[in-house]
Every structure is written in C-alpha cells, then in structure tokens.
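Two complexes follow with chain A in common, the first pairing it with chain B and the second with chain C.
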Partner chain A sequence: MFSFILVAASQLVFLERSFFKDLGLGRTGKDFILDNYVRFFTDGFYLNTLWVTVKTSALAALFTLLLGFPVAYLIARMRSRWAMVLLASIVVSTFITIVIKVYGLIVIFSASGVLNKTLLSLGLVSGPYSIFGKETGVVIGLMHFTLGFGVLLLYSVIQTIPRSFEEAAQIHGASRWRVYYRVIFPLALPGVTAMVLMVFNMCMGAFTSAALLGGGRVFTLPVLIQRTVFMDIKYSMAATLAAVLLFSVILINILSIYLLRRMRAAHLVTV
Partner chain B sequence: MSGWKSTGGKALIVGTLLAITQALAGPALAGKFDGVTLRIGTWGGSWKANMEERIVPRFEAEGGKIEFVTGSPQANFAKVVAARGQAPFDIMEILDAQVSDILEAGFLQKLNLELIPNKQHMDAYQYNENMIGSWHTQEVICYNKDKFAELGIPAPTTYKDLVRPELEGRISFPDINSGGGLANLGSLAYATGGDENNIKPALEMLKAMKILKFWSQGGELVQQYQSGDVYASVSNAGWCLRAKNAGVNVTSVHPFIKEGMVGVAKEGWLGIMSNSTNVEAAHWFLNEYLDEEFQLLFAKKSGITPINRNAIARMGEDPVIAEMLVLDPVKIQKQQRTDYSKFQISDWTDEWNRMVAQ
Partner chain C sequence: MARPFSIHRVQRRLGKGLFWLYCSLSYIFLLAPIVVVIGTSFNGPTETVDASFDFPPKNLSFHWYTQIPRTQFEALGLSFALAAISAVGACLLGVPAALGLVRSNLPGKALIAAIFRAPLQIPSIVTGIAFLQLYYLVGDLTGLYWQGTLAGLALGHIFVATPYVVGTVTAILQRFDRRLEEAAVIHGATPWRAFRRVTLPVIMPGVYAGALYAFMVSFADVPISIFLTVPGFVTYPVEIFFALENDFDPSLMASASVVILVCLALLLVMQRVVGLEVLLRTGGGGGR
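On to the complex of A and B.
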C-alpha cells in the first residue's frame, strides 16, 4: 500500500505540473491550461516522437519474444546440469548495467568490430554497416537490455507446461512444429502476453539505449523529456510528455488485454 | 646510572614541555580553512581529477575539505533551478551559454575580485563582478589524416569542406545537448551566412553533411575515431588531442568563419552561488583555479586552453599542443563567440530537434 502511494504520489505531482504554462528557468504560471497537451497532439514532431517510441518498443518486445522463446524453451526442457548454469548466466547478465551493455554493442557494431569484419570478409557488404543514429540500433539496444529478463520470464512460463502434454501430442502423430503451434504456444500465451507487455513497458521508458545508440537523431519520449528538462528547463512541457508516455503505456496495456480476451471469447486462442 | 637517570629525567621534562608547547601552538598553526567543506559543482572524470591532483591537497593543507558534485553544467544548473536557487554546492562551473540565464535567475553572489590576485594574468574581458573566466576551449574540425589521404581528399579548412560524398556517414558533430553543441551551431550559423537569429542555413548544412552521430560525451568521439567509424568531427581541440594520444593520426583545423574571423571559442566561467557561506574559501578556490601551474596542468591533461597568460605562453613549448591550438592571445580574442543573449536556447533546441529527428 505504501509503495503504491509512493508511486502514485510522484505521478500525480508531474501530472498536476503538466497543466501550467512554462515561464522559463523552471518557473510555471498559475493558470490551469491545456496548452501543452494541445501542442503535443497538434504538432507532427511530438506525435512522430510518440510513434517512434511505440514502434521501437513494440519491435524490441517482439524480437525479445522471438529470440527469447527458443532459448527459454531449451533451458526449461534440458535435463542436464547445464540448464542451471545457463539460467544462472542469464540471471548474471541481467545485473550488468545498461551502459556497459550498450558500449558492448557499440564495439561489436563499429566499423572495425567483429560483425562488420565478418560481413566484409564474406563479401556481404561493400562498406561497414552502422546501426548508430538509426531506429534499428535503438531496437537492438532495447532488445539487448530486455532479452535476459524476457528469457527468465518465459522460462518460468514454459516450466508450468507439463512435458507429458507434448509427449501425448507426439504419440498421436503431431509434428514438432504442430506441437509448438497447437500445444505449447496456446498454453504459454497468457505468460507470453505478460512478458511481451512487461518488456514493452520497460522499453517505453528506456533512455540509455535510445540516447547512446540513437546518435542524437532518434527521438523517443524519454530522450525528449531529458532534453526538455535539461536544455529547455521547461518542467511543464516535460511533465506533459511524461504524462502522455504514462497514459500511452496504460492504454496500450489495457487494449492488449482487452484484445486477448476478445480473442479468447471468439475461440481464436484456446486458453 | 645516576647520569642516565638524570639525562632521562631531563629528556622527559623537555619532551613534556615540547608536547605542551605543540598542543598550545596547535590552534595557531592550523590552516585558515579549518573545518570548512567547500562543494564544487563540476564535471567528473579527468576534469575533477585535475583538481584532486593539485587544488584539493593544497586546500586540505589549510585544514579544509573539498567535495565534488559532478555533472555537466547543464545538469548542475537544472539542480539549482529545481532547488529554487538553494544550490548543493558553493562554486559552479558555468558555460558561456548559461551566463544570461544564471544571472537572470540571481543564483550568483558578487565576487570580491581583490581576493583573486591571479586575475592580473588575465585579460579584462575575462572577469567581472559576477563571474570569473576559468578556461576556454577552441572548437575545431578534427580529422583523420590517414583516412583523408586514403580517400584522396584535401584537408578541410571550413565546415563546407565536410560536405562530400566520400565523408557521408563518417562525420560526428556535437549534439545540441552537449557542452559544445550551442557554440558550434552558432559558429556554423555564422559560417553559412546566418547568425544567432537565423540558424536555418546551419541546420541545412548539417543535413547536407550526412552526420553519423551527434555526440554528447567527448569519450564517445575518441572511441569513434579508434573504431574507424568516424573520419572527421567537430569538437573542442581537447578531444582531438585525446584521440591523437589514443593513437589515431588526427589533427585539428580552426575553421574559417568569415573574413577576419578564424576559429571558434567557447568559454568557461566560475561563480560563487548566492547561498554559499564559505565565501573566503570559495575565493581562495577561484584563485587557485587560475594559478599558472594548475592552468597548465589542466590544459595539458584536459585539452582546454588556459586563461592565465603565463600558462598560455608555456603551452607553446609542447609541439603537439602548439600544432593543435591557437596560442596567440590576440588571435584567441578574434575567434568567433556566440552571443547567447540574442536568442532563446529553447528556440534553437526546437529547431534542431525537428531537423535531426528521423
């Protein structure tokens, strides 16, 4: 209860601040206005920033799922002791600070990095490929940030699916792919949805990957909030951006859960 | 034996007397800043390390203690604004771009210039009753000589020389969010026929340059040169020097801005916060910062240009520094400086964001 109050109180403070006019140097007016919101929703630049934030976060969540699910499945179904070693190494990797992870990516993807050297030696590219200053780089950075966490969540979901279900399906002639598609995935869907939403929410608020890999050209809402606070010292506008970010996340989460329920009701998913 | 006893007794008496004398003399011998904790709002890394190397031990010898509140001047300014002027430090590093805002907000107390004798080694335009100049940087075009030779392109003399197909995706420019961002955008505006009230030509040239990355930390830039991602950049000469020290064959060019104006200067200032009560110690610190030896050490390790004239003269003894920096005070004074009182930083930021956003 206390933690809820603490979280809610801080949100309310900036929400309240978003309804006043910026007077410069962090000062705000006294009249209750909606100008900041009007500006946000009528200015293509801000709307595009919101779109870029949602798009990069959604793509990062999707790729985290696509890359994380096979790894989580493999570890969950491994019978050897290596399963625990792999799981422990993933847990440890989640402790590494994001700045270090991002710098690792910068080294790997640099012109003289491993990736470009390999691509060039194989003749797949004519010149070094760069991810800096592009949405691709930001998506990779966000995915790198959430992958370990995603694998851990998916591992715990897959572990709850009895192995006997898969064996029964295979005995009845189901192919490996059909087992995944008709047994494992539907049973894992609620957990997968929770994982995708959690990863998406983390990415929506992530600053470091977008700031370092975006090369000052990819503007997500967290990047723009930082600039509005530090460069412009416009607290009200920054609060407006933060409020839009918060409500976008809430709205997308509610919408996703609603859609999943509708799909269930229509028997489009069998859980 | 009795002699030993007698000698030992004398020694004991003498020792006791000495101990009493020392104890009594203690307070009189103590430093003039006993018990004073001076807080400095400044950058971390080598910037802070320079002060820890020279100023901190000297202050501690006077009985005081120095603590650092690290962050960029923008971040520290934001802290003061958020705290409504109750700064969490006594002294703050101020960028030229912040001067008008910080004065308007009334965050600084007046200086007693009599307590800063080292100002005699500075030019008059470098201090006033509110602030004192502390360093300046020379914003340059830094380029990798080997890569330019490989591509068969001539050394740049001004910004427009960076607009070449061979350099597409190989240039790094300071983000507007970085310490030198505004200064370099201002100089680019002047070099392209604009000014503080018209940065459109500068933004158009930036677009034409096909920048790989807008850097916000100088360390990033050095890494970009080392990894081969970047062949040319705009930055202060210090970062170019550090890239050179890191083994990259770079050199700096002071860009031609317009007739009679070559090179770009960005100035750093120091001010005492209005809520500081450690006024004497703060003035002592400012004076130490302007000391010839510290300025020299600072310049060599962090690549800034000293304010102290004697230190500037000694900089020329190093051939690498002499190649990269302009050390003639007359030429330094003629370098382009952006007038931050002529525009709103938020307007520039807004225009910039819209230009660079994908």
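On to the complex of A and C.
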C-alpha cells in the first residue's frame, strides 16, 4: 500500500517539469518560471484546443447517453435468453481495443467504403462523405470508445430499479412514455449523472480515436500532448498541457457535482 | 371475430417498433466496425489496395492471414505477455488493498480509497506522460532508464489496472458475511486457514473478474504505452496505431480479427468460470 502511495505521488512529478523553460531537443532550463502557462492562456491556438477537447467530450457523453440508455433499458427489462446475448456483444465490443474499432471505422467511411458506395448509389450525397479530420469524426470515434462502458453502467443502474414501480405507474394509467420520464429516468438519474461524468472524463483523456480520426486537423489536448512530446520534443510544454488537462477535468467534475448538489437542494431535480 | 380497431394499440405497436429500431441502430453503430474488420479480412488477393477493403468480401480466402508481418506477431506476443503480467501484478496489489480497505479501521480510509480510484479519473495520457517523466527522473538519478523496458511498461499498466481489481474485490467483500470467518475460527481454524478456506473462495470470482478487466485494459491501452515503448519494442495497439497513421496495410485486418477472436474466447472462458453477471455486477458497481 505504501508503494502505491509512492506511485500516486510520483504522478505529480511532471507538474514540476511544467515550470521550466524548453531549450529544445528535450532539454529543459533550470529556472522556475511560469512561461508555459502564460503561453497557454494567451495563445488562441492552445485555448481553442482546450475548447475543442471539452466540446467533443461533452457531445460524446451526451450522445452516449442518448444511444445507450434505451439499449441498457431494453437489456435490463428483457426476460428472454437473448438478453444475455445482447449483453455479451456489448461486453465484447467494449473490450476490443479502440485501435481496431477505429480501423473498422476508417474502412467503413473511406471514399470507396461500404457507406459511401451505398450513399452514392442511393443518390443521397454527390461526392464521398468523409468524417476524417472533422470534429464529427472525433465525436464518433470517442463514442465508440465509450458507448459500451456507458451501456454497461446504465444497465447496472436500471437493474436496481424494481420492475414493480413501472407496473404500478402503468396500472394507475400512466402511458409508456410517462413511465419513462416520470418514473425510470428520475430514479436512474444519479446513475445517469455518474455515467455522463465518467464518459466525459474518459473522452477528455482519450487519445487514440481523436488522433486517428482527427487526421492531424482536429487537435484535442491529448493529441497535442503526444505531438508536443514526439514532434516538437518539448517536455515542459507537454507537461504544462497535461497539467492543464488534468486540472480542467478535476475542475469540471467538481463544478458539475456542486451544481447538481445545488439543484438537488433547490428541488430542481428530484434525486 | 376480428378485434375492434384501436388507435391505442396501433400507437403502442408503433412505439414499440420505433424503440426496437432505435436500439438496433445503436447496435449497428457499435458493432459495425468490428464486423467490417472481420469481414474484410477474408478478402482474396486483390489488384489494388483499395479493393482489399471490399465489404462484403470477394473471393473468400485466408490470403491476408498468411501476410501478417513478423513485427505484428512480435507486438502481439509483447501485448499478451504484458497483459498477463499486469493482471497478476494488479491482483497482487489490489486484493490486499481491497481487504485492507473493507476490513481495517485505518484513519483516512476514504483518502486511501480515493488514491486507489485516482488512476481511473486521471486522463490516461496524463498518466503516460507522468510515467515518462518519472523514468527520465529516475534515469537521471540512477543511470537506469526504464522507458522501453518490459518492467517500465508493466509498471504503468499495473498502475491503471489495479483499481479494477480493488473495485471488483471490494464489491464482493462488502456483501461478505464476516460471521462465516468467525465461525471457522471458533471451530478451531487458524485465521490464515479461515482466510484461505472461507474468504478466498468467496472473493475468487471478484479476483477473476478484476484480473480479466486488468488484462483487457492493459491489452487495449495506447495512451500510456505510446510513451513507454521504443521502436522495435511496441505493443500491438501501438503498432496498429502507427501503421494507421502512416499507411494502410490490409494484413492488419487479419491480425485484428485474430485479436477479436481471442478477446471473444477469453470472455467465453470467463462466462464459463464466473458468469457474465458477476463480471458486470462487480465491475459495473465498483470497477468503473
């Protein structure tokens, strides 16, 4: 356990590095300065990167919820053996490395790929549609990374809601839709917010799908960090970026938890 | 007699149909890339590189499976070894940690639990760069550089994998009735024997599930490995990552299909050993 705390503390080693000046070729200066941070918060490019990271992560988290919730509900309430099969396929797709899934996406969305052939033959698009180098592509990639996790988490949440609550509501004349948004959704809300935050966190740190689908045109912070290390070889700038990423994740998490508490206190949400 | 026409029934049917359609679309979205990768891997030899990505595949054959280059096999070997080491390492660290967290009355238990959960909250790219910097620092101090070594890579992976084991084992321990252990001790078992014969069998499903999570997490990782590997010593996902950044090699689909099948087989084994429910219950509740 002691060794683990040591490892946890060592995680902050990079923070120190972020306060030194880059001298090029990976060497860093010895003087303690805030240059890197000043550069980050005054340079539009860096600020825009932070904004793109937050935006794509938030969108991915939202769409993961929209696509994942009905599926999780379906599996949780299914009574046949098929539920296990559906669940197993989610687990399988979750555990397969994102690189392989992105590979599949590239094949699907390539100019001569399945999707474009179909779209072109149906006359829905005039030229091949591409998701590469666009934020749309990055969001799709992020969702492939998180959707499985999202469904599994929501599934375990919905499973804890007794079926009898729904039946009771239906007996009292509530429509299907009303049952959803007056019974199931409010009861699942704590789990849902936990899931959305977790997926958001995952996306903020997600590197692979953003790097491959962004195609060197969409920069999120993780992609920029990797480039700063491998191409510019500026370790202290990379450390600065990592520190900014880490603290924005922590900040956004604390803020959303605080907001939720406030809303709960004001009875804006009934959780 | 025909049932009377009811607008409500039509509405309900329609609603149900739309719901199913919606769910199927989610599934198609989720599974399409995997299906396409497996499908295209069976394409026969083609004239142009473009044609090798045809789906559904043409001239079914195992052609691309014979074209998998050596480097990919080496990367696969490294990934498997690394994932196994990470799973074992995560269990060795995680099981005692979970026992300590649930059983003891240490002051600051919440803080320790938070530290154990931290690797899940930290963006993995930050973990990657932190380990790189750490190894530089250790290297500068001792002359031993850990980046590009199996030990260095394994340490990073164990760091992110341990919380999963802690989560799954904690989830089981919290429901475990301590009186069972006490009963064993009253009947003359030593505490160690009671632990080995009573507690351990109960928490074993959690250990298996945690180990599987650790294995999979390690096997799939790019953001940490990318910083800790060196050319000629890369894990499989990093190998494909660079291959995708540079050029398309259709033989990748063959090796990717092999990986998919291995993941599938592993999950089937787990399903047989502990059941999918345990995996979900423990992982969904505590792991992530």
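To be clear about the criterion, the second predicted complex is superposed on the first by the 264 of 271 C-alpha atoms of A that agree within 3 Å, B and C clash if a C-alpha of one lies under 4 Å from a C-alpha of the other, contacts with A are read in each partner's own complex, and residues count from 1 in each chain.
One rule holds in what follows: contacts are C-beta pairs under 8 Å (C-beta built on N, C-alpha and C of every residue); 3 or more make two chains touch, one makes a residue touch a chain.
This one's a predicted model, so the numbers in the text were calculated from it and none came from an experiment.
Trainee: Do chain B and chain C fit side by side on chain A in the superposed arrangement, or is it a clash?
Mentor: With chain A as the common anchor, chain B and chain C collide in the superposed model.
Trainee: Is A:K234 touching the first partner chain B, the second partner chain C, both, or neither of them?
Mentor: first
Trainee: If you stack the two complexes on chain A, which partner ends up touching A:V249: first (chain B), second (chain C), both, or neither?
Mentor: Touch status of A:V249: second partner only.
Trainee: A:M198 in the overlay: touching chain B, chain C, both, or neither? Say first, second, both or neither.
Mentor: second
Trainee: Scan A:S164 for contacts with chain B and chain C and give back first, second, both or neither.
Mentor: After superposition on chain A, A:S164 lies in contact with neither partner.
Trainee: Once the structures are superposed on A, label A:G133 by its partner contacts, choosing first (chain B), second (chain C), both or neither.
Mentor: first
Trainee: Which touches a greater number of chain A residues, chain B or chain C?
Mentor: C
Trainee: Quick check on the superposed pair: does A:S121 touch chain B, chain C, both, or neither? Answer first, second, both or neither.
Mentor: Neither partner.
Trainee: Between chain B and chain C, whom does A:S80 touch in the aligned arrangement: first, second, both, or neither?
Mentor: Once the two structures are laid over each other on A, A:S80 reaches no partner at all.
Trainee: Just to be sure I read the superposition right, which of the two partners does A:T42 touch: chain B = first, chain C = second, or both, or neither?
Mentor: A:T42 contacts neither chain B nor chain C.
Trainee: Who does A:G113 touch here: chain B (first), chain C (second), both, or neither?
Mentor: Both partners, chain B and chain C.
Trainee: Residue overlap on chain A between the chain B contact set and the chain C contact set?
Mentor: The answer is residues 106-107, 110, 112-113, 211-212, 226, 229 of chain A.
Trainee: For a test of understanding, state which residues of chain A touch chain B in their complex under the given definition.
Mentor: Residues 25-26, 45, 48-49, 52, 106-107, 110-113, 128, 130, 132-135, 211-212, 215-219, 224, 226-227, 229-234 of chain A touch chain B in their complex.
Trainee: Chain A touches which residues of chain B in the complex?
Mentor: Listed in rising order, the residues of chain B that touch chain A are 74-75, 77-78, 81-82, 101, 104-105, 169, 175-177, 211-216, 220, 223-224, 227-229, 345-346, 349, 353-354, 356-358.
Trainee: Per the contact definition, I'd like the list of chain C residues that touch chain A in the complex.
Mentor: Touch list, chain C to chain A: 12, 15, 19, 22-23, 25-27, 29-37, 40, 50, 53, 55, 93, 96-97, 100, 112, 115-116, 118, 121-127, 129-130, 132-134, 136-137, 155, 159, 162, 216, 219-223, 226-227, 236-237, 240-241, 244-245, 248, 252-253, 256, 259-260, 263-264, 267, 271, 276, 279-281, 283-285, 288.
Trainee: What part of chain A is in contact with chain C in the complex they form?
Mentor: Spelled out, the residues of chain A in touch with chain C are 1, 3-5, 7-8, 10-14, 17, 67-68, 70-71, 74, 84, 86-93, 95-108, 110, 112-114, 143-144, 147-149, 152-153, 155-156, 176-177, 198, 201, 204-208, 211-212, 221-222, 225-226, 229, 235, 238-239, 242, 245-246, 249-250, 253.
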